[in-house]
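Same chain, two partners: chain A is paired with chain B first, then with chain C.
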Partner chain A sequence: MHGLEYLFMQAANGLVIGCLYALMALGLTLIFSVLKVINFAHGEFYMIGGYMSYFLVTVIGGVNPFVGVIFGMVVLLVLGSTFDYLFLRPMHRGDVDRPDEYAILVTFGLSFFLQNLVLAVAGPFPHRTPSFMEGGVRVGTFMISADRLIAAGLALVLMFALLMFIKLSWTGMAMRAVSQDRDAASVTGINPLRMANFTFALGAALAGASGALIAPIFSVVPDVGVLPSLRSFIIVVLGGMGSIKGAILGGIIIGLVESLGAAFVPDISRALAYRSLYGLMIFVLVLLFRPRGLFGEAQ
Partner chain B sequence: MRRLSVVLFVIGLALVFATMAAASDTKEPIKIGVVLPMSPPGAYASGNPMWWAALQAAEEINAAGGLLGRDVVAILGDTRGVPEEARAATERLITKDKVVGVVGNYHSSCALAQLDLFKDHNVPYIGAEPWSDDVTAKGYKQVFRISITNSLYTDITVNWIKAAGFKRVAIIQEITDWGLGVNKQLKEAMNKAGIKNETAFSDMKTEDFTQTLARFNQWSPPVDMFFGSITGPGAFRIIKQAYDMGFAPSKDTVFYATNACLNPEVWEAAGKAAKYIVVTQIGLPPTAYTEVTKRENQKFKEKYGRLMNATVMEAYDSFMLMCEAIKDAGSTNPDKIIDALENIRWTGMRGEYYFPYGTKNPVPDDMPAYMWHQWPDVSEYLFQYTEVGQSPEDGTVIWPPKWSQLPKGQYFIPAE
Partner chain C sequence: MKHIQIRKYILFGGGILIGALIPLVVTSSYWLHVFAMAYFYGLLAATWSFLDGYAGQFSFGNIALLLIAGYTSALLAKFTGLPFFLNLIIGVIASTLIGLIIGLLCLRFKGAYLALFTIAFAEGFRIIINTEHQITRGPAGLHADGFFETTSQVPYYYLIFIILVISIFIMYRILKSRWGLFFMAIREDDEVASALGVNIVRYKVIAFVVTSAFCGVAGVFYTHFNQMLTPNFGEIATMGLVIGMAIIGGVENLIAATIGGILLEFGLESLRELGAWRMVAFGAILMIVVRFARNGLIAPLYRKFIGEEV
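Right after this comes the complex of A and B.
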């Protein structure tokens, strides 16, 4: 394969994966921006999304994988909303003495609970949702599968829809208002509790969507969300805590850097093993020169 | 009269205590610790069926009347695949649960972290699946092993590579104690045999291998054999990604996979990409199953809907072996159990177990140190899937020659 073709295909693969990273990180940053909560169960929402899609498409059967993605989102929407109502609402109401610590503990608890629940219910063996479509785009000895291209395309559509929703809809504007000043927003008639609940559910649904989109590409297991979750934290900090633009750009940057690093680092024995390190290096560099991240606002 | 009352009271009290002690002695079960990775981040997909096998063994022993007139209880220690947690779980089993012996382990790193505990507390241990040579090479009198070792595994693999005439080998190797140990020995053996080889190391959680596969796919002349030395879900992902790229399995390149691909989920995850992969199974091929293998495999299939793999067999056999040693020793005294293990001859699912080298017969100088308390007859065979959705039982055995189902002189089936 010619050098330029090789570079192009590796970059394209990085972009495709980056879109999926961005979608997941978007959910995390959305929750942080409105609720000021770092959701440590985000990886498990991603995992549940994958399993829900698998369950509908393979176990029940006769359903298109695209429907599986929607089903994964809906289940996570309900799960996220229920969790916020039961466990985070006391914190929003000011009934908890140390809300920051409480939020960390309760989302960590949810993470452990969901991982072990799925292990008990679905078993320890990996599962994969059937492909969206067979085949792919081939250039020389490199191919990007149709599944990856479709998943990235859907991720872009979802991100665009979310941006439009936040920018143009009344609910989106209310979410932004709550994220900027909770008290001022409530004075204007916005119910911050309801907005928090909706945002947490929406963030969970985005994680579920990325899990369901990934399910045909990489199989799902109960701890499949651990690495994507860590990566999302990096992306969110890289892009700027609470910044939607930052999460999208950060996801794409990390996807690209990981892909190109694994493809071009001369020592092949280490190139793949250090894959996560390439993203971390960019992360450290950005934080050194711009501590609030790419699009973060000064406090 | 008063003195008589006191004497009668004392005798009565003594009788009560003696009866209680006798009753508790007959009812107190024999506890055997089973250390396995049951939850993330460990290899819980292997740990859970292994635990089932240990429970199955305990149930069978109890159904047959127990051991030394007492019930046997398997007590779980979840290592989570983390050495420090493995050590803590083992310490709890020994000091709190008072187990008389310990069996199990999947991760070598966990077993290595526990060895000093077995030595310090003088508790016999039978390693079910830790491959690191060092587990038995330390020469602890309490430590026995029935699994294969890194060295034995490497020998079998390299002998097949040489017989098949592969000259260019590419490897993606997971970074674990097992992976690093095997890779080091594999590289040394291949370098010695003049086989060009290159390894790309990978984290266990890696999802995307395409960049590295693309690099290997550019070799000219092409790679003869690609070893996807990855366990867990990555084992399936790498097959699909290599196949989609047209790299392996292909007419030029044989794909050699780990025993994770014995699980039927390989077909769900990789589909037709898994046809023609070479898979390693540590154990006897179906044609050489013992009666115990056939019986237990049937039960396992009913429970899990799949063929029992080596790790499950090892969990069952190591538990049974510990019980047999206790029976032979006629006691739960650790020294007597260790002595019984050194003299044992018992046929389980993978053949007849015995430990030729130990305190009475030390490892000779010309033998590797890991042969201490090591079962020497661990069998391994390689087979190829030749149909999509095939069960490992129906795959074609390609190595070693004594079990091969291929014509003489043929060592693999090229992909179409």
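Right after this comes the complex of A and C.
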């Protein structure tokens, strides 16, 4: 095997998968920046996105896989908004003791609930959404599947659209205002509760989009979201909590580290297993030595 | 004051008496096993209540600490000729030491950062156990010897029952001492506590170490009770179960959290035929309790009966 070519291939794979990681982490960091909540159900939003796409495209059928992705996002917009309204609003209002702990508990409770609900309804067996497109792009002796390229491309498009939305639209500006200073924002006529609700729904939809985009590449099972959610925590801490460019760059860094790191372990099964360990090591080091991450503000 | 003491003697004495008599009434070894697991989860819920409910440190690491003690003990038995009892003790020491290290590393973290750090630690540990299967036998599970030669569940029942009673007694005494007050002061506001002269570094670490020691005790029991240890047990879902039990019982009340653990595990085992739907209901109840009854469901009953917070 050509060593250099193999490394190049792993790097390309890392970049592609990193875009999808970044999309999911973007949702997490967005929620944190506006709501000051770390969403422990983010992996389950990702999982639901995958299942919804599978449900529409395969179970109901006759639908293009791209529509499945949109459907997943819409379902998560509704789910996220409902959850924020029912469970997080009392916290935004300041009616809750020890809000940090409340937020962990209630989002973690949601994650436990959703994972088991899907297990009870859909069973433990893996499901896979049909491909966006067959075939792939050949580079030398290696091939990147079209599905991966399309998923990464769509993730990039979504991220770009989101950045433009946050930068240019009135709602995006209002979100940034609330994230900087809730009270000052509400003085200028922005409703922070509505912004929080919208942001949580949007963040959930981003996780759902990334789950739905990955569904044709990896199968979905009820606990498929556990590792991606951990990975999103890693990315967001690495990039800096609440930082958007941090989440995008962090996603790509972690994608590359996992792919290239795997290339350095000779034993294949061990290489796959230890892939996520590299991220965890980065995570621990960042937490200990630079808790605000690459682009975060000092606490 | 006097009445409170009497009511406590009635509650604790009654509980111990009933617990001690159960094997005389329940002879089915299946149900004795269920009781033993219920006490085991009661102990775990208590360790979580101790750390989060009193010391205000939200950790996802308790099950990983438990597994560290269990794997240490089982691996020592497999690879060395040390006496059985020494394996158990080294297991508990191992989890306590790791707990000390995590406690020291996490001192500076606030809010959700400790939760994130411990989740990373727990998953990392699980991945290593899964992968290094030449040593740990990975997902296939590591065999461990039982405590007793007999296949009867009665000795195991009494063993975990005694472990539970002693552990709860020690944790209860700690929480009733000055340490408990310091823990709660730090939980409410660590800056104020520090200004009032509480050594917050010391007591945060102490809380973590005590919890880790009891997780280790639970771990060596679990290992040599089930006689099989798998990394699957260290999945976040197990931790979710323990956290849910403590919360539904009442996390700021050690006794209520313990009772919550016992009752819920018992309930989950009894409703086995419902399959995954039990956990769906558990998750829903957890969310509703967090939202509408933050003190849990059993803690208010305790307060009503005893006339005192724990």
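Keep this in mind: the second predicted complex is superposed on the first by the 275 of 299 C-alpha atoms of A that agree within 3 Å, B and C clash if a C-alpha of one lies under 4 Å from a C-alpha of the other, contacts with A are read in each partner's own complex, and residues count from 1 in each chain.
FYI, a contact is a pair of C-beta atoms (placed from the backbone, for glycine too) under 8 Å apart; a residue touches a chain by one contact, two chains touch by 3 or more.
It should be emphasised that the depicted structure is a prediction, and the values quoted were computed from it without experimental measurement.
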{"item": "Superposition on chain A - do chain B and chain C clash or fit", "value": "clash"}
{"item": "Contacts of A:Ala262 with chain B and chain C, given as first, second, both or neither", "value": "first"}
{"item": "First (chain B), second (chain C), both or neither touched by A:Ala273", "value": "both"}
{"item": "First (chain B), second (chain C), both or neither touched by A:Phe283", "value": "second"}
{"item": "Partner chain(s) touched by A:Tyr102 [first = chain B, second = chain C, both, neither]", "value": "second"}
{"item": "Partner chain in contact with A:Ile234 - chain B first, chain C second, else both or neither", "value": "second"}
{"item": "Which superposed partner A:Asp223 touches (first chain B, second chain C, both, neither)", "value": "both"}
{"item": "Chain B versus chain C as contact partner of A:Leu119, first or second or both or neither", "value": "both"}
{"item": "Touched partner set for A:Gly136, first chain B, second chain C, both or neither", "value": "first"}
{"item": "Superposition clash, chain C against chain B - the stretch among 57-65, 111-119, 147-155 or 273-281 that is involved", "value": "147-155"}
{"item": "Where chain A meets both chain C and chain B, residue numbers", "value": "115-116, 119, 223, 226-227, 269-270, 273, 276"}
{"item": "Chain A residues within the chain C interface of the complex", "value": "38, 40, 86-87, 90, 96-98, 100-106, 108-117, 119-120, 223, 226-227, 230, 233-234, 237, 269-270, 273-274, 276-277, 280-281, 283-284, 287-288, 291, 299"}
{"item": "Touch list for chain C against partner chain A, complex", "value": "52, 56, 58, 105, 108-113, 115-117, 119-121, 123-124, 127-128, 130-131, 235-237, 240, 243-244, 247, 275-277, 279-280, 282-284, 286-287, 290-291, 294"}
{"item": "Residue ranges of chain A in contact with chain B within the complex", "value": "1, 6, 9-10, 13, 17, 58, 115-116, 119, 123-128, 136, 138, 141-143, 145, 214, 218-224, 226-227, 259, 262-263, 268-273, 275-276"}
{"item": "Chain A-facing residues of chain B, complex", "value": "39-41, 44-48, 172, 175, 198-203, 205-212, 214-215, 217-218, 232-233, 236-237, 244-247, 263, 265, 268-269"}
